[in-house]
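Think of it as A, B, C, D and E in the order they're written, each chain with its own count starting at 1.
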Amino acid sequence: MQLGPLDINFILQILPNLLLGAVMTIKLTFFAIVFGTLIGLFVALAKISGIKILRWLGGLYTWVIRGVPLLLQLMFLYYGLAFAGIVLEEFTVAVIGLSVCGGAYIAEIIRAGILSIDKGQMEAALSMGMTYSQAMRRVILPQAYRRLLPPMGNEFITLMKDSALVSVICMTELMRAAMLLQNATFRPVEIFVTAGLMYLMMTTVFTTIFDRLERRLAISDGD
Amino acid sequence: MQLGPLDINFILQILPNLLLGAVMTIKLTFFAIVFGTLIGLFVALAKISGIKILRWLGGLYTWVIRGVPLLLQLMFLYYGLAFAGIVLEEFTVAVIGLSVCGGAYIAEIIRAGILSIDKGQMEAALSMGMTYSQAMRRVILPQAYRRLLPPMGNEFITLMKDSALVSVICMTELMRAAMLLQNATFRPVEIFVTAGLMYLMMTTVFTTIFDRLERRLAISDGD
Amino acid sequence: MVKAENVRKSFGKLQVLKGVSLEVKQGEVVVIIGPSGSGKSTFLRCINHLESIDSGNVIFDGQPVGFKQLANGKVMPVKGKELCQLRSRIGMVFQRFNLFPHMTALGNVMEGPVTVLGKSKEEARHLAEELLAKVGLADKAESFPSQLSGGQQQRVAIARALAMKPKLMLFDEPTSALDPELVGEVLSVIKNLASEGMTMIIVTHEMGFAREVADRVVFMDEGKIIETGTPEQIFTTPRHPRTREFLSSVLRGYEKVPYPQVG
Amino acid sequence: MVKAENVRKSFGKLQVLKGVSLEVKQGEVVVIIGPSGSGKSTFLRCINHLESIDSGNVIFDGQPVGFKQLANGKVMPVKGKELCQLRSRIGMVFQRFNLFPHMTALGNVMEGPVTVLGKSKEEARHLAEELLAKVGLADKAESFPSQLSGGQQQRVAIARALAMKPKLMLFDEPTSALDPELVGEVLSVIKNLASEGMTMIIVTHEMGFAREVADRVVFMDEGKIIETGTPEQIFTTPRHPRTREFLSSVLRGYEKVPYPQVG
Amino acid sequence: GSAEKEKPAATPEPAKQAEKNTWELVKEKGVLVAGLDDTFAPMGYRDEKTNELIGFDIDMAEELGKRLGVKIQWQPTQWDGVILALDSKRFDVIISGMTVTEERKKSINFSIPYINDGLVMVVKKGTTGFNTAEDLKGKVVGTQAGSSGEEALKKMQGLKETKLYKTFPDAFNDLQIGRIPVVVVDAMTAGHYLSKRPGVFEVVGEQLTKEPMAIGIRKTDVELKEAIDKAIAEMQKDGTLTRISMKWFQKDITTKAE
């Protein structure tokens, strides 16, 4: 069966392999989001905290990570650390690399979100006798949350796409699955078009979920 | 000379090659910024125009480009197009790939910037007898400009780092220069550390310039 | 000068103008009053085609504005250039000033003559300085809008509109975004314009001012013109019950806080 | 109840409080007046340690707040838990309300008892409903702040502060962000509190209200307390020339637009 | 490896056969564009100081060009996509120590071989237990994606995993790190990297395959192949190849004239 330049039978043949890759992409993205958000939250809190050394460390972290290509970071984690005696598995390196990188961006997003909350909110919470962390958890973060959604959604999609880079450390996610297939069959057109559509589908599903979430939050919030 | 695990003499030996790569990185980034901004401007205008088909095309463009990893886009431009008979040079592919990708993000940034300008500004301009394009050029874009600076600065840094990806199509920019050196010398540590520092320097210089620019604009604007 | 014939306009399902006809002669000052949401702003914006109309005609200076109605009742758009040319002869002053924040007061006033009329910077600067002096802001030429009070901003906006040497001026509640103590300076500028014979259509809630400056007062409600007449007639012996009702509710407020004395 | 001794506070080079001492007794209502920038807000914020002080002492209920001055003149921080515990017994109402926008009125009032005092939701809800009723907002329990008028928001803020059963209430210009017609409802709530014997320190520009509710009026200027006295004494026979000057400038406005009658 | 049936590569129909063939075009321009993996030491790679391309293939192609009367223009390419790039006419030939394999023969033509090479097993010095191909069973084996090593490993049964690297140095790095126990690589590449980190690795066991290396040519370019074959045969006879081999490998591993 032929569809323009695409041989549908061939696509069906390679689909299982690509799907396997896509599952790995999703897995990586999921872990990167979870750990990246955790890292981002702590770094953001460090960067707005009153403790100078924490602010400095947070600044150093975001500066370095955002200033160096992820490709290089992955190389460093995979080969560099290993030469220093810390040998990590591909999957571990991939998750750490993506989380650490995503974390730097998420930290900036969360920090901006927190700073956008009126200072009076923190003062009101403190003056009620809340501790700093209670005020963060009960008052500031819930408000920042909604403003964070759109940039976080974008960042998550970026992470999903960046997961394509872990192919350099021999993780077989969707991108590398496509490359390997291409190597075996020398038929780039079907392979890359299919892989591209799969990425597009995944990112679109993601965007849609986030849009929904945003709209739901907007309603539940009384304004 | 030895500095921790780093052999300084060796670093001095490889520096010229890395610098050559860095120059290519800067060249690529420069072209990507220029063309990306042009593309972004036109796509942004298309997406807010009154003409449905333009809006639709603009939407399609940003959706696809932002939904698919740049790595895949580069592969497509390099191999896919070649199969369709359009054989482009590496440099051309690299610049097109980076510009087209950057353009999609810049389009969203510009669009958001334009939409953030009060509707009354456009109305005031039109009611004076300006054409739509005069109003855009004289009234809307100059105002949007300042709000665009911070996100544009970020995007430019992203482009600089993304230029590392064109190593997959054998453009010898900084990232690939590092890889080639490691092939020839088999000494990854010095090479990747130096390359990382060079990236960090370039992105930092960029950030600093943008910060300055922002501050200068803030002053010159009378508020 | 300007003539609206049976103008209709809907936003989605909401019909905002339900057939409005109004003719304004050269040199005449028409004040439009009416409750919020009655379509006053929309009507004003239809006159210089900031809103397109669904049916009807707007004729300015003998030329159809934006859309013209053909014999078969269909409407046809008037082209871009022609439209800009038309708009450049109608000045409009908005409730929220809409000065260009990235230009000085002088730059705001020079912008139209230079960009739209293609005058030299030299010439435009002279004109602009003259006009700023006329609205009492000669010393604020180099200030940016953010450095001016609301009343000063609105006067710059008026100067900006006048710089195009318009044949007709439209004012949409020019003082309603101002602090009470700043209202007077703007109204006095408008009164001077009236006394110089400028043709104007003014939407306002300042009844005292309407009474003083209007040749004719038009009362609009729910997208229709309910009643037209001289200020004396409308304010003292309104014929229509809705007019009476509106005026009594507005004037109750008006008697308590008189509009600032101007001139 | 609360005692400030020689409190000094600088922001960078600017010394905002230049040694302020004030004692407020149980059940007393102290109103602080003074020109803008005189340090009134800063002083209030020092009392519950929203600002740290540079030197001096603040003693609340026998305990030092935030910092205590040692014998050698050095100041030592009071620890986190202790500080929160102290703050929970001092209610503060801000000029800009600072309600939590993501919680209903009821949620705002319940928040403190549940989170800080660890009460059950059940108990907190009962208390909150009672307090909302007390400030006249029983029917607005389920409204979000964005759905309330400024005056209603401020009353919820007062209820929120009362929910902690504070021994002292601090008000920082509680009505200055309100439209004039909404001022009365908030002042009447505060007056009721006063009549119930709540200890309060109130910063306000409403001189009529100050006169009516204060046991003692404190006049601050340039970071110092210039004069203290009963309302009668301060308003009719101020001793210090600066007080006279301030009052005469304020009361000129006050006589023109009397503060709305409350109660 | 992937199990699907290999189909012949989708070679695009050349624009029109009636037009000039590639060899005519090359002669006309005086330039032969050669694709190479410029990370493939010691066949073709970049000198770390001058950034110049050096290696056996570079010297050999220089001689080849002289005999053909054309200049060689090098076009670096990603080895993963080398056949794709040849098919899409990014260059005219592949001169990059390309091993002649059955799989590749399905997609492209080869010149007569100019080097006899073969795959060997490389391990960390002191590792025992790798003597024959059988010993790879149950092991994680590393090699470069798209290399002849990958193709050979694909045919073997019972491997635990074939780990495919972007470049051989990456694979050797992982070997040293200990993530993989063995790398399968052709003998002369192994020689190069062993000399760069002396004492870390060693070649063990028997040579796994005999693999001739040749120049890759599009199936359609019959005339070009003829010309190249003739030139290589000359170089075999007059000792040019042997000379270059001695320079790069200190021994003669070139093919001999039949």
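The criterion applied here is as follows: contacts are C-beta pairs under 8 Å (C-beta built on N, C-alpha and C of every residue); 3 or more make two chains touch, one makes a residue touch a chain.
Listed by chain with UniProt protein names: A, B = Amino acid ABC transporter membrane protein, PAAT family.
Note that this is a predicted model, so its numbers are computed, not measured.
Steps from chain B to chain C, taking the shortest chain of touch contacts, total 1. Looking at chain C and chain E, the chains that touch each of them are B. Taking each chain's centre as the mean of its C-alpha atoms, the one that lies farthest from the centre of chain A is C. With chains reduced to the mean position of their C-alpha atoms, the one farthest from chain B is D.
Averaging C-alpha coordinates per chain places the centre of chain B 53 Å away from that of chain D. Centre-to-centre spacing of chain C and chain D amounts to 47 Å, using the average Cα coordinate of each chain. Between the CA-based centres of chain A and chain E the separation comes to 38 Å, rounded to the whole angstrom.
Separating the CA-averaged centres of chain A and chain D is a span of 46 Å. For chain C, the set of residues that touch two or more other chains is empty. Touching two or more other chains at once are residues 79, 83, 179, 188-189 of chain A.
Counting only residues that touch two or more partner chains, chain E has 10, 81, 84, 87, 173. Pairs of chains in mutual contact: A-B, A-D, A-E, B-C, B-E. Those residues of chain B lying in contact with chain E across their complex are 13-14, 16-17, 20, 75, 78-79, 82-83, 85, 87, 168-170, 172, 179-186, 188.
By the touch rule above, chain E contacts chain A in their complex via residues 1-2, 4, 6-7, 9-10, 80-81, 83-84, 87, 107, 145-146, 150, 163-166, 170, 173-174, 176-179.
Only residues 5, 63-64, 66-72, 75-76, 79-80, 83-84, 157, 161-162, 164-165, 167, 175, 178-179, 188-189, 192-193, 195-196, 199-200, 203-204 of chain A touch chain B when the two sit together in their complex.
Residue ranges on chain C touching chain B, taken from their complex, read 48, 50, 80-81, 84-92, 94, 96, 98-102, 104, 111-112, 115-116, 143-144, 146-147, 157, 160-161, 164. By the touch criterion stated above, chain B contacts chain C in their complex at residues 118, 120-121, 123-132, 134, 138-139, 142-143, 221-223.
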